[in-house]
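As structure tokens, here come the structures.
Common to both upcoming complexes is chain A, partnered first by chain B, then by chain C.
On to the complex of A and B.
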């Protein structure tokens, strides 16, 4: 059993894997510790196909959690939610992490997204500007294999790219093209191709091209979408050791408040201690702050990295509201990847001083799954039912409004009195999407959605309730980044202010959410952390 | 450039080796000959170092490392005279007099004309960037480490005759015969070998196992060979690596298509097709046209536990690993980028080795049509899923029964053999026979050597 390693990375998701590979390439010794099991893609695919139709839209239903590594799952209590709104993200504690079931959407932040405080007087500014992160976005796009439009008119953000995307964007389906034209002609809005971590028309990273199974969530059945599970064998070939089914429950400090070891339970509840020189905790924005709080010791009575009292606070997400409406003309969405285009320009503007920005995502999930029940409840049978399913599949559209959210210290993750299978305190989150978001829904997003619905000729638009928001799986803020140790947990390299050899990279470090999915920003920050770690290791 | 000036260069080159300047059009012609000969496939290890050697060739007698054939004067062939170069390519003899192993297909290259050798030399001296790095040395076990043991083998099996046109045949046929039997060295893989690893001329192009892959029968037999193919199908296959609804190139044929055939002129591909269609038929089991679309999904979906480690799960292993591209019923895509598994030579009983090899090793080929890539299912870092021998056997048996002719069953041991690089039983047998024969060869070689010294 491995009992020490130069670098210890807890978590095998995209952030942990990218850092591990960077360290391995630099010649460092790397041990990766994963709480959950390591499973084959084939197994997930068959889990999914064996689900009853009603369970298929649930992104986690194909990933039953191990007893020792619980994650949000239908019928299982793990993450508690308190407060006015329901906090209900999905994430997966499996080797490979939650990129198993991400859509692959890879929007970059804009320069403005990183300066909310100085530009609009709300939220926080980032510890660095866009020019600083830009090269790491380029590295991310190459590492993950992100396809995106070559035409600047279709690119987001609207600015000259310093490097092109490594692959052209995936073609828009017939329905997406039609939607794009209608948005342009009737509303003057740009519905642009989504940059996404998916092999577009060619193999990349020794993985095959996308063949349009329209199954990106919950799992790409061919590995054309990047997920961290695709990189684990390669990391091992480069020398990494990966321990699965090993739940780190305590990070141990030593002299100078440096980290000296992590402790984990194996699946038999036996505890093990592993020492190291450099520590990366990349367990996602819920499990990382949870572990910091669980690791409280005499030196750090409020939990590790928590001298600022910000660990677990500022929890953020992209609260979302969905609109489904029926058109007269057929759109036939569902060819290609599940998210392939969207309207990003509604996410920028001086209005951000007053209310949240919003991004409209045109979902491209094949519609038949969602409308089948609706068609059956119409009372039609036989051929009439078939025709109704066909009609609704062709003419129903699903557009999702995804809001940005401000860091609020009251949105806080704490340790519950309830314990999990191993006897560890479950995470609990107080959740209030905030007036900034509610105002946007009422004054900005709902009216915009109505105009979109009218433009496509919808006959049954219903505004979203300004009180009801569902949760994205974009977990941000709980180990927030900043230059001031008094008000933030990690520095610009995702290194904790309190522990010189402890990195907490990932969504938790993000200081603003903007509207775009968080993974590529997390990954770019992971590269920044990896560079800092390697230079420290080499300098030592 | 006229033949006279070419010959003048030829004469000059004998004494001046690498120092000379060849005209660009000659170098370009040499590049084409090198492409037709697919030198790059074996002589390139790391992709960014073309012709730098360091490419491992698994042979029944051990790993043979293809050498650095760049014009490096320290580690390549930069000091070769044209005569030394010609002897290496057509006779299998290095400049230092040592024998090459017949992994270098000099028995086929012997047919390359003087003009083409000259162009090839010009290309390698001037059109290839020198790489001043050593290639891995080949170290075979005794007695194969004694390179002079090949002298006897050459005496018995090497035909040094350069290609001559058959006046009874068309110019196109002759061009095809030259390309297929000379530079293209089809027989190197497609002709079965005898006890001493020599090509068995009586079974010319009748198909042979080469490592994990079976290089199939490409004679004009209608069932076992490719006699049922139209000329344009053969041309399309060579250009793109696939003949729709029939066959796809994998393994070293995928390399040959990517590096060589796809870059030849359509006229030359047509010539090769014309010649190949005229190769005398040699019969065997049928390879095409069998099977139909179908699936057994209803037998397990929603009923059984999807634990894929359970035995008897061929259909579900197919569903989990293959169906997302090849279709739940094996029909592939309309454009056949993802080929159908019925009417496919790999699911005929005769071709099932290649089904297993494709699953284990994946498929990788680049042509003007794009990059065809099927991920491997072995233990590679990028394996889609590491299937074990038993699972692949279940899968192969499902595929052959469901989509093929059901003529063959695959056992886990068969998969293990292909995983190990080829049918071990044959290999061991051949090596043992070769070991015994080697003693005789050395003897013959020594006798010949002594005789030559006497007469010298």
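On to the complex of A and C.
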């Protein structure tokens, strides 16, 4: 069993994988430690196909957790939620992590998104500006294979790109094109093609082109979508060692508060200690702060990296509200990837001083499974039933409003008194989406959604309750980044202020959420961390 | 044990030996009656393998399954009907009508109910996907060549045949 390595990366999700590969390419020795099992794509596809219809919408149902690596799963209370709103993120503790079931939507932040405090007087500013992260966004788009529009009129953010996307955007289906035209003509809104980590019209990265299997969530059956599992063989070919089914439960400090080792349990609950020089904890925005808190020791009684008392605080997400409505004219969503276009321009404006911005995404999931109950309970049979299924599938639209959220120290991850299978404390999160979001729902997003519904000719629009929000599963904030060690956990390189050789890259470091899905930003920050680590390792 | 008791024991043993094939025959009988009634309620190409799975589930859930299947078949026969539209209204409301809807729903959704712990009969052969198969993929199955799915907006009226 490997007991030492120059670089130790905990977690084989997209963030850990990108850092590991950067280190390998620089000639460093890398050991990756992964809590979950390594599974085949075919197995996940079969799991999905074998689910009854009622379980198919659950993105996690195809991923039953291993006893030793529990993740949020129907019927298993891995994550406790307290507070006025329900915190209900999902993530996957398998080798490859949560990009197994991500949609691949990859919106960059705008320069304004990174300066909420100085521009609008709310939230926090980032430790660096857009120009600083721009090259790392380019690296991310190349590494993951993110396709996007070449026409500046269709790009987001609206600014000149420093590099083109590596692939053209995926075509919009006829229904998405129609929606785009209606939004433009009736509301003056731009519904633009989503930049997404999916192979468009060509193979890329040894993976095939997308053939519209419309199952990006919960699993792309052909691997046309990037997920970190697709990179693990390549990492091994480059020399990485990957230990799976190995749950890191303690990070050990030594002299000068440097990290000297991590401890993990194998699936027989046997403990192992691995020493190293540089440590990267990339377990995602819930499991990373949890591990920091679990690792409290005499030097760090409140948990590692926590001299600021900010570990686990400022938990953020994109709270969301869905609208399903029926139109008269057919839209025929469902051909192509499950998310393919959206309205981003509603996410910018001076109103952010008062309430949250919002992004509207037009979901492109095949509608059959969602309209089944309605069709089957219509009392229709025979040809009338077939026509009803066809009509409802073609004319039912699902639009989701995703809100930005402010960092609030009260939204806090702590260790629960409940224990998991290994005897480790479960994570518990206090969750309140906040008035900033609630105001946006009531005053901004609901009225906008109604106009969108009216524009497409919806006959049954219902406003969302300004009290009820679901979780987007974009886990952010719990190890927040900043220049000031008194108020933040990591620096601009995702390196902890408290431990010179410990990096906590990923969503936890994000200082603002904006509205767009955030993995591209997590990955760009991972590249920044990787560069810093490599130069440190090389003594630069 | 007297001779009569011995005889009875022997007969019981013979019956017991005969039981497996008796059960098999009964299962076959129910399956074909189930397919017969299904074909009347759902006028599409129906897979016997899927039908066998639905029938097995129905047998465990409806003690009077055989009787209900026969009554559906008889209702259609009384009207001389082979299309569901021509006799469905004659199925009495209540248990039998509910069962008829359940059978239709099982074929369309491929599941025993909408619950997340329902029994799955089939995924890709669930009829739910067929009325839109020209426009919408069955998720996980490929739909078009790369970037070739921007096809025309077909009218609602052109139902695919299935």
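Note that the second predicted complex is superposed on the first by the 539 of 540 C-alpha atoms of A that agree within 3 Å, B and C clash if a C-alpha of one lies under 4 Å from a C-alpha of the other, contacts with A are read in each partner's own complex, and residues count from 1 in each chain.
Simple rule for what comes next: contacts are C-beta pairs under 8 Å (C-beta built on N, C-alpha and C of every residue); 3 or more make two chains touch, one makes a residue touch a chain.
Quantities reported herein were computed from a predicted structural model and do not represent experimental measurements.
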Identify the partner contact of A:26: answer first if only chain B is touched, second if only chain C is, both if each is, neither if none is. neither
Which superposed partner A:173 touches (first chain B, second chain C, both, neither): second
Between chain B and chain C, whom does A:221 touch in the aligned arrangement: first, second, both, or neither? both
Contacts for A:386 in the overlay, against chain B (first) and chain C (second): which applies, first, second, both or neither? second
Of the partners chain B and chain C, which touch A:61 in the superposed model: first, second, both, neither? second
With both complexes overlaid on chain A, does A:45 touch chain B (first), chain C (second), both or neither? both
Can A:187 be said to touch chain B (first), chain C (second), both, or neither? neither
Go through the superposed model and pick first if A:230 touches only chain B, second if only chain C, both, or neither. first
Who touches more of chain A, chain B or chain C? C
In the superposed arrangement, does A:206 touch chain B (first), chain C (second), both or neither? first
Both partners, chain B and chain C, contact chain A at residues 45, 49-50, 52, 201-202, 209, 211, 213, 215, 221-222
Under the definition above, what is the set of chain A residues touching chain C in their complex? 45, 48-55, 58, 61, 74, 170-175, 177-178, 199-202, 209-215, 219, 221-222, 330, 332-336, 365-369, 372-373, 375-376, 381-387, 389-391, 393-395
Please output the residues of chain A touching chain B within their complex, sorted ascending. 40-43, 45-47, 49-50, 52, 201-203, 205-209, 211, 213, 215, 221-223, 230, 233-234, 236-237
Which residues of chain C touch chain A in their complex? 41, 43, 83-85, 88, 101, 104-105, 108-120, 123-124, 126, 128-132, 135-157, 159
Going by the contact rule at the top, pick out the chain B residues touching chain A in the complex. 301-302, 306, 308, 316-317, 319-321, 324-325, 333, 338, 370-371, 373-375, 380-386
